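Two complexes come next, and they have one chain in common, subunit A, joined by subunit B in the first and subunit C in the second.
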Partner chain A sequence: MTIATESKVRAVKRKADSPWKSAWRRFIRNPMAIAALTMLTVIVLFSFVGPFFSPYKDARITVKNANQPPSAEHWLGTDNLGRDVVLRLMQAGQISLLVGLMATGVILLLGGTIGLVSGFYGGWVDSIFMRFADIMFAIPTLPILITFGAILSDLKFPPDRRIYLVMLIIGLISWMGLSRLVRSQVLSLKEQEFMLAAEALGLRDRRKLFAHLLPNIIPIMIVSGTLGVAGAILLESALSFLGLGVIPPTPSWGQMLSAANNMVDFSKRPWLWIPPGVMILITVVSINVIGDALRDAFDPKMKR
Partner chain B sequence: MFQYIIRRLMESVPTIIGASIVIFLAFSLAPGDVITANYTGGMNLTEERKAELRELYGLNKPLPERYGLWMGHVLQGDFGQSYLYNKPVTDVIKTFVWNSFLLSATVLVLQWMLALVIGVFSAVRQYSLFDSLVTVLVFVAMSLPSFFLGLLLLKLFAVDYRIFPLGGMTSTGVDYQGLQHILDVAYHMALPVLTLTLLSIGGTTRYFRMTMLEVVRQDYIRTARAKGLKERVVIFKHALRNALLPLITLFALELPGLFAGAIITERIFNWPGIGRVTLDGLYQRDYPLMMGFTLIIAFLTILANILADVLYGVADPRVRHR
Partner chain C sequence: MATQLTERRKAEKRQTLVEFKDLQTIFETEAGTIRAVNGVSFQIREGETVCIVGESGSGKSVTALSLMRLISPPGKIVGGEIFFDGKDVLKLSEREMRHLRGNQVGMIFQEPMTSLNPVLTVGEQIMEPLMEHRLMTKSEARKQAIGLIEQVGIPRAAEIVDAYPHELSGGMRQRIMIAIALSCDPKLLIADEPTTALDVTIQAQILDLLRKLKEERNMALMLITHDLGVVAEMADYVIVMYGGRIVEEGYVLDIFRNPRHPYTEGLIKAKPVIGRRTERLYTIPGQVPNPINLPNHCYFADRCPYVMPACLERYPETTVDERGHKTACFRCAEGAER
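Coming up: the complex of A and B.
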């Protein structure tokens, strides 16, 4: 008898999973998401752990090995300075992934804060922020992005610090989508009863914002953030391809692809620019699939 | 409806002014100007000569005054003089924008037609092999970096197999007329159009599939089937028409893109469009050209937003504009 009740209690407990747990369960039931997650893990390991296993990690630049086609020693050949392309791909991956992540950090911080504040306070604060978002939306992304890139080139920033500015710029021109999403979510949350309760309890604004509203918008932030990483990696690679983003000696996948701007490298040495392109493609596809699966997982109503 | 349009237009005035300020600031605060740009950098100008040139171009005045001057001229339809082409900015844009338009319009038609067919079939046969394949390919298409796809196609079809030309809009050294000229341009267009279509088709297909999936679950579709209508009529006449509604917005928002040019693709295929011209303008610090072009696109984007809302209201009577 007691055992039966106990198991019943347990069953009830199991039913009341936290939203996080049930989202996670829906996520891992999606085969495409698992494949993408595995792929992404492989890429991250390749970029960050791979260099330790490369026989060329301490190799000096020897120009006499330059521009070799793929061989047993150099799986993807060497570049114009005799560097091993596989090792270069790993190092470039670190930069590309980092730029994507950090730029997304900027987007989440800016877009999240602006959306939260606009939605919560409303009134003129909301009008100003949303009007500013409209303005930023109207300005075409690529022209303004390459202009900022050109400004960077003129400022003669040290190449190793330049990547931080690239992250910042990408973040500064792509926060608007998230801020609108968060704002509309906050507006609908404000109408719900738990916010009325918070009001009735006389909670301070800070507590309402951080303890009650923020946890509810985290799912959107996660989904937008994931998709944002993919977008940021694409933007960085476009900028670097045009020679306006990450510049040598710092490598990034987009920067490696700019080798294709040279007609000889483009037509005769495809091993210099096809591998970084494939890396970008695989990474961005994986992240997009994961982001999409997360959206389905957090919002089961959306799914089919 | 008329009142609504007027109100929206009035409301967008501050937005366009704000956009013009942001654009002006971005280009004015940029260090370096046409005098220090690459193509004059080689010439050794004395400091006095530089100052003279700056005065000539009005670059030595304070920012608010320069903005006022620029906006004053813009309102009269004068976007200033392009340094690079030594012609009015409007003339430069007029010369090149139609080449971009030709490319983008072809892509837009192909993209929407293909996306419609693929999206509808993939939704009708949900969970089929075709549908899964489409779902995967849509992700790939959405994730392709434009320059990488362009370069791959160029390498494959122009370098390895010389089926298509390496770039440009017409064959050099010959002066075709009439039909031959059209065929020549079409031949040069093939690769850039393929690139841009592949890039844009993913998102649109996804939308078509999504809205179709939503519509075919509605009661009126079940009713149509219960009436014994042919499946083809149900899908194309009853379902597709309703599925198209939310896509009107998407379509209207893509219209400014017709004039914006494709900076990266045009550069790779050396297409003489407005995108390539802007990029050259940027490298040469031809800021009047960049500013004029960016402002026009911003303006068109704002108009397209209004158009999207108005069209949606016209097509769907359930949406009422106040």
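Coming up: the complex of A and C.
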């Protein structure tokens, strides 16, 4: 009896659980999510910390070592310029992950803002933004990317900066999905009684938008942002594969694939294209799993 | 009777706080124009409790929302004036209006479950109007919020301030709603069916709380309800609405002792009386009129037991008796005995 009362007292004293905390608790209870998160952490560490442990980090291009198969010295062999593939993979990972992350940042900022504003204000603001989104949706992605790539090459944009532009472009052509999602969410939230109550308190628009609407929308932004990272990594790979993304010597996983894009490498030197392919696959799959797990964690109907 | 009269004289000396003058609010729907509020005029004096009674769809809530100017399209206020503290609310700029909402007029809603934002702590939600209208800093507002939570009768205020709405019961949430509405010391509190969603014991507590807070702050209360029990307990003055019009208004005792409009009479008859058990409770026969294409005669004529030829010709004018009891019915106009 005393034990029961005591535990009740403790339950009452426990600090209030914010919706974020309970979502997090649901998330870490999902074994798939933990596996994917571990996988992703390993990849991030591999890309960002790995290079410090590579004996080849200061190595110059040595053509006489070119195209060696995997061995004790070069675990995944060397490429056509004699560079260690493991090290290339790490450096490429940095670029690919960064592009994925930054492009997603652009998507969240653009799509989130546009969705929030057009859902909240409605009327002609809404019409203009949403028709613009429709137009962007209607243009096929690849032709636009190829056009952009061609323009960039023509403009002689400095190759080392090109990576930032790639992030921006990926962001600019993929914000529409998120903005529609956010807009529809805002539209349904606006009909909730608590928004009428906020209105009756005479709060200014800024507070209604950022204090009342945004926190309710952040879960879907996190979920769709996570999935967006995967999409951006894939898009960057596609771009680089087409020679429109990052430019050698800057490596990215897609760019490594593209470098191995010939019959000889394809049939004789699988160590050049299998590893980056596998890295893209693992990264994208783990991010997608995490995104799904987050969606489940944030969904109040999943509450157990 | 004498005390009642002195009370009334005292009440009449009070200043008018809100005055509705021939308010017209419509909703343009595809099926036609709904005249939700159709020429409503009444006053609320400082510190007075005015109850607005009527069936669903009689225009009670729309009247209140018109005062807050929170009618959203397809709704529109098309005519009339609403004075609050001497200013015409309908002519205020959006900025002045925002200053009125939450600051001078507080409002609580029917559903405490959905009227609080689920992702903000109750403390944050009480602090918001304080920071908005009273320009308080976060820490001042927080202190004030804890005080308010205590005032609405929730123990352990210092802990509850950090709780999320889903951790509280319905009654507690409604108390929090009251705390939010009262945070800036409004002159008028609009309570739109504040107890409908609560169970009976909690209802009584919330009504007690409202009455106590109202007296402490000398605040006027506009209470919208369809529960005549609540009216009897709370009201100084009663407004009975039907089909978007006021059919009868008067001091609470006059209304209960001497209802003049057949609709009010029906409402009072339909209330169960303790100790008198009948086969069936009385119901007013017929249906609420379709709000689109309301007839140009008395809206209640189809359901009225005393219907006369005049009732089917035009809408009756409002007549006032010497006690200030207003009724829109031909029977009163003719001084008919019942």
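Assume the second predicted complex is superposed on the first by the 286 of 304 C-alpha atoms of A that agree within 3 Å, B and C clash if a C-alpha of one lies under 4 Å from a C-alpha of the other, contacts with A are read in each partner's own complex, and residues count from 1 in each chain.
Operating definition for what follows: a contact is a pair of C-beta atoms (placed from the backbone, for glycine too) under 8 Å apart; a residue touches a chain by one contact, two chains touch by 3 or more.
Here the structure is a predicted model, which means the values were calculated and not measured.
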*Overlaying the two complexes on subunit A, which is it for subunit B and subunit C: clash or fit?*
fit
*Between the C-alpha centres of subunit B and subunit C, what angle is found at the C-alpha centre of subunit A, to the nearest 10 degrees?*
100
*For A:A238, is the partner it touches subunit B (first), subunit C (second), both, or none of the two (neither)?*
first
*Taking the superposition as given, does A:M136 touch the first partner, subunit B, the second, subunit C, both, or neither?*
first
_For A:I146, using the defined touch cut-off, is the partner it touches subunit B, subunit C, both, or neither? Pick first, second, both or neither._
first
*Where does A:N288 make contact in the superposed view: on subunit B (first), on subunit C (second), on both, or on neither?*
first
*Go through the superposed model and pick first if A:S18 touches only subunit B, second if only subunit C, both, or neither.*
second
*Look at A:P215 in the shared chain and tell me whether it touches subunit B only, subunit C only, both, or neither; answer first, second, both or neither.*
second
_subunit B versus subunit C as contact partner of A:L155, first or second or both or neither_ = first
*Determine, for the superposed model, which of the two partners subunit B and subunit C contacts more residues of subunit A.*
B
_Between subunit B and subunit C, whom does A:W273 touch in the aligned arrangement: first, second, both, or neither?_
first
*Aligned on chain A, what is the least Cα gap between subunit B and subunit C? Give it in whole Å.*
11
*Contact residues common to both interfaces of subunit A (with subunit B and with subunit C)*: none
*Touching subunit A in the complex: which residues of subunit C?*
68, 70, 97-103, 106-107, 109, 111, 114-121, 124, 128-129, 132-133, 159, 162-164, 167, 177, 180
*For the subunit A and subunit C complex, residues of the former touching the latter*: 15-19, 192-194, 196-204, 207, 211-212, 215-216
_subunit B contact footprint on subunit A (complex, rising order)_ = 32, 131-132, 134-140, 142-144, 146-148, 150-151, 154-155, 230, 234, 237-238, 241-242, 254, 257, 260, 266-267, 270, 273-274, 277, 280-281, 284-285, 288-289, 292, 304
*Where on subunit B is subunit A touching in the complex?*
14-16, 18-19, 22-23, 26-27, 29-32, 126, 135-136, 139-140, 142-148, 151-152, 154-155, 159, 213, 260, 263-264, 267, 278-279, 282-283, 285, 290, 293-294, 297-299, 301-302
